[in-house]
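See structure below.
Letters are used for the chains, namely A, B, C, D, E, F, G, H, I and J, taken in the order the chains are written, and counting of residues starts over at 1 for each.
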Amino acid sequence: MLYCVQMEVRIPHDLDPSHADTLKADEKARAQELQRAGKWVHLWRVAGRYANISVFDVTDHDELHTILSSLPLFPFMDIAVTPLARHPSAISPSIAPRST
Amino acid sequence: MLYCVQMEVRIPHDLDPSHADTLKADEKARAQELQRAGKWVHLWRVAGRYANISVFDVTDHDELHTILSSLPLFPFMDIAVTPLARHPSAISPSIAPRST
Amino acid sequence: MLYCVQMEVRIPHDLDPSHADTLKADEKARAQELQRAGKWVHLWRVAGRYANISVFDVTDHDELHTILSSLPLFPFMDIAVTPLARHPSAISPSIAPRST
Amino acid sequence: MLYCVQMEVRIPHDLDPSHADTLKADEKARAQELQRAGKWVHLWRVAGRYANISVFDVTDHDELHTILSSLPLFPFMDIAVTPLARHPSAISPSIAPRST
Amino acid sequence: MLYCVQMEVRIPHDLDPSHADTLKADEKARAQELQRAGKWVHLWRVAGRYANISVFDVTDHDELHTILSSLPLFPFMDIAVTPLARHPSAISPSIAPRST
Amino acid sequence: MLYCVQMEVRIPHDLDPSHADTLKADEKARAQELQRAGKWVHLWRVAGRYANISVFDVTDHDELHTILSSLPLFPFMDIAVTPLARHPSAISPSIAPRST
Amino acid sequence: MLYCVQMEVRIPHDLDPSHADTLKADEKARAQELQRAGKWVHLWRVAGRYANISVFDVTDHDELHTILSSLPLFPFMDIAVTPLARHPSAISPSIAPRST
Amino acid sequence: MLYCVQMEVRIPHDLDPSHADTLKADEKARAQELQRAGKWVHLWRVAGRYANISVFDVTDHDELHTILSSLPLFPFMDIAVTPLARHPSAISPSIAPRST
Amino acid sequence: MLYCVQMEVRIPHDLDPSHADTLKADEKARAQELQRAGKWVHLWRVAGRYANISVFDVTDHDELHTILSSLPLFPFMDIAVTPLARHPSAISPSIAPRST
Amino acid sequence: MLYCVQMEVRIPHDLDPSHADTLKADEKARAQELQRAGKWVHLWRVAGRYANISVFDVTDHDELHTILSSLPLFPFMDIAVTPLARHPSAISPSIAPRST
């Protein structure tokens, strides 16, 4: 099932910089792992903000929450989740194939 | 270039029903035409609302506005546009290929 | 899967009263049918408002949208959907059994 | 009487981690105690957020406030309370039996 | 139990004036009847607005909803309900006696 | 003259606890003093929040501001003031007698 | 006593134009009468909006409400009232004399 | 030219108290200097809040910004500026004479 | 002096279409006249909305209000005005020359 | 392509002052460099706020994000981006020439 997930990151300015760097590196690694696993199917940067608009393809709400709440930057993110249904005017499956 | 476009449709209850039906049919035909043209690359229904979350892939802001403002239901939609940039953690081009 | 659905009803004052009555009666019948089918598992009135807080138990986002968008009062409702996951502190399955 | 209670948790990043862990453990124990006592009758996680949607069944406003304000994480929660009345379309008592 | 109820009245300008007058007269009569019955214990006008801040003393959420939803102007009011608990610093019962 | 005053208290988590306790004790003493003086005529707890809804009966805006701004917790409160006028449907003076 | 009053006017487009003109003329006459009476002590137009920011000097909340609620355009205005107290840094009485 | 300026002051609780006192004293001196210079023509306290509603009479936007941004408490204020035009119903110049 | 003006147009669906067309044509003619006069110095379409972001260069607030309030579509626009001052980091006069 | 960018700066009061000064100096230098490069084509101060309204002329969303996210004050800014299209009533190219 598909979910639109909008994440806004707010890292406190007094967080230890090396700790912040570690979190960001871990976040990137985890994001790529989830993309390769076909769970995080779209990841776009919101131009001008430390934020993204993403689409996840997971089994159910529990899997979505498990994934999001274990992201390294989760404690510093404001997240909005929108469940996506098939649109009657869509000409193709609601998500493009991720591989040939 | 990619844009996330969120459309919320509010058709006045006192609009002539047959006119409303015509607008909806025209909207659907136009949406499918734009999808086939590769302009409207994602179209999802927001579960529980007369709304969608879409991604457009167009040349520039002018083309986006021309497309959106000529949608049959445009006068009855509240539209929010978010420019999407490439995300540094994305492992693939920012939009999945729509065909093999 | 469970969804919290909050519905706020706003019937235009110039809607034909008998049409409004028909819609309300149809809405009630449909709501009860969905409760009996085990889809609409909780339905509470928000005290002081023409609104409800509900919990639906359906297969996926598509089924939820199909159900909500076909409610007789759907054109006059403002609906917010929240996907509900299992809470780690919950001592029982995330929804109480509805019988026995 | 039933109340819908929505809790959003925001633990300051500079809170002592072991203190935070203690608070979370205490919160979990207290939440389970209240569930077993039949006061906290539903507890769902909002997917993607450190938040929950709950239903409490208590004697009156005073008992509700006493319970909520003594939760270990209360100082770090933003809480919204909605009194729930019986819905005329509900086919069963406004809360499902929790056992047998 | 006490509830703070804030009502904002918005009568559509195209409502039949004599019908509106009837509704207002009925509303006034009903408000006074409820005050005399000790249910509507405070009724204040918000200076400068067609609105009031009230306190109701009723048995439970159901009685509150029954009262509010049957007010003649209910279809034209936006209502916010806040459950009031006893305050630990209050020196008297949470509502002053209304007689003697 | 009557004012509805809604106070939301937000004590920073890193305020010295003994200082916070002193402030709270002072606030309680001052609140009771003002109640006994007939200035703070209603004081209710908002169920589930560190907040209150109050009614003050003071000579004018200046007295109200002097009282509120000298409350011990004033620096940590978000306060909204609503001037209350007599309601044409009220059957009694706009505030119930507090004694006898 | 002084009150800052912000009025936003929204005249429905389907109001009879001659009726609207009458209301506007009456509003202007009444506004000038209240200014001459020393009640409506400041009246400024918000640049670019059909709105004003005003200061009233009246005896109490009741007089303010009586004045505002009897303005000809009252049914079409959204009004916000802010009670103004003397500022400790003000070097003159809180309102400048309106005549030599 | 006239501007309505609304200032909300939020001094962080962990600011050094003597520094805060110095800033407040400087702010008061500066406010009085600007009033004597005829720039800050009205200064009212918002009852119940650490806030003011003011009217400035300055040459242009640049002078307004220079004045506001150099106020000692500027870093701790949230400021909203509204340009004020002459109101067609005002019977006197849009600002009362401040002397004579 | 410069002002950023954001206009959102909402034409009621039941406005007579030929009247709406006349208003739009008049609006366009007036907008171009004001541009040629050097008053309306920038006019951009907000992509995807019936809205614009503009910059006006006028003598004072009164001239701005006179211009905006006499626009043919003024009754159907929601307008926000922001006074623009010179930015200390700007390398050129705050508005580019409009002609060589 | 043109983007309207609104930046609100919030520098934490406990940031090291010399570090803040360095950031501001760097920000100014970078802003001027971008203006000279023709990327940052308008830069206005919002009167009364530590904020600006700007227009950028860049190749695409990616370039805009790269520029904004590398501004020295980016971590302390709240940024809103609006894509600007050509307005049908604009009499000149959507941006005035910056030289000659």
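Convention: a residue touches a chain if its C-beta (ideal position, glycine included) is under 8 Å from a C-beta of that chain, and two chains touch if they have at least 3 such contacts.
Because the structure is predicted, anything quoted here is derived from the model rather than measured.
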Please identify each chain that touches chain B as well as chain E. C
Counting contact pairs by residue number and requiring over half to coincide, which of H-I, F-H or F-G is equivalent to B-I? F-H
Taking each chain's centre as the mean of its CA atoms, which one is most distant from chain C? H
Among the chains here, which has the CA centroid at the largest distance from chain J's centroid? E
Could you grab the centroid distance between chain G and chain J? Build each centroid from C-alpha atoms only and quote it in angstrom. 39
So, what's the distance in Å between the C-alpha centres of chain J and chain H? 28
Touching at least two other chains at once: which residues of chain B meet that condition? 2-3, 14, 45, 47-48, 61-62, 64-65, 81, 83-86
Show me, using the given definition of touch, all chain pairs that touch one another. A-B, A-C, A-D, A-J, B-C, B-I, B-J, C-D, C-E, D-E, D-F, E-F, E-G, F-G, F-H, G-H, G-I, H-I, H-J, I-J
Can you tell me which positions in chain I touch chain H when the two form their complex? 1-3, 60-62, 64-65, 81, 83-86
Complex contacts: residues of chain G adjacent to chain I: 11, 13-14, 45, 47-50
For the complex, give me every residue of chain D touching chain C. 2, 4, 27-28, 31-32, 35-36, 41-48, 52-53, 55, 82-92, 94-98, 100
Of all residues in chain A, those that touch chain D in their complex: 3, 5, 12, 14-15, 61-62, 64-65, 68-69, 74-76, 79-81
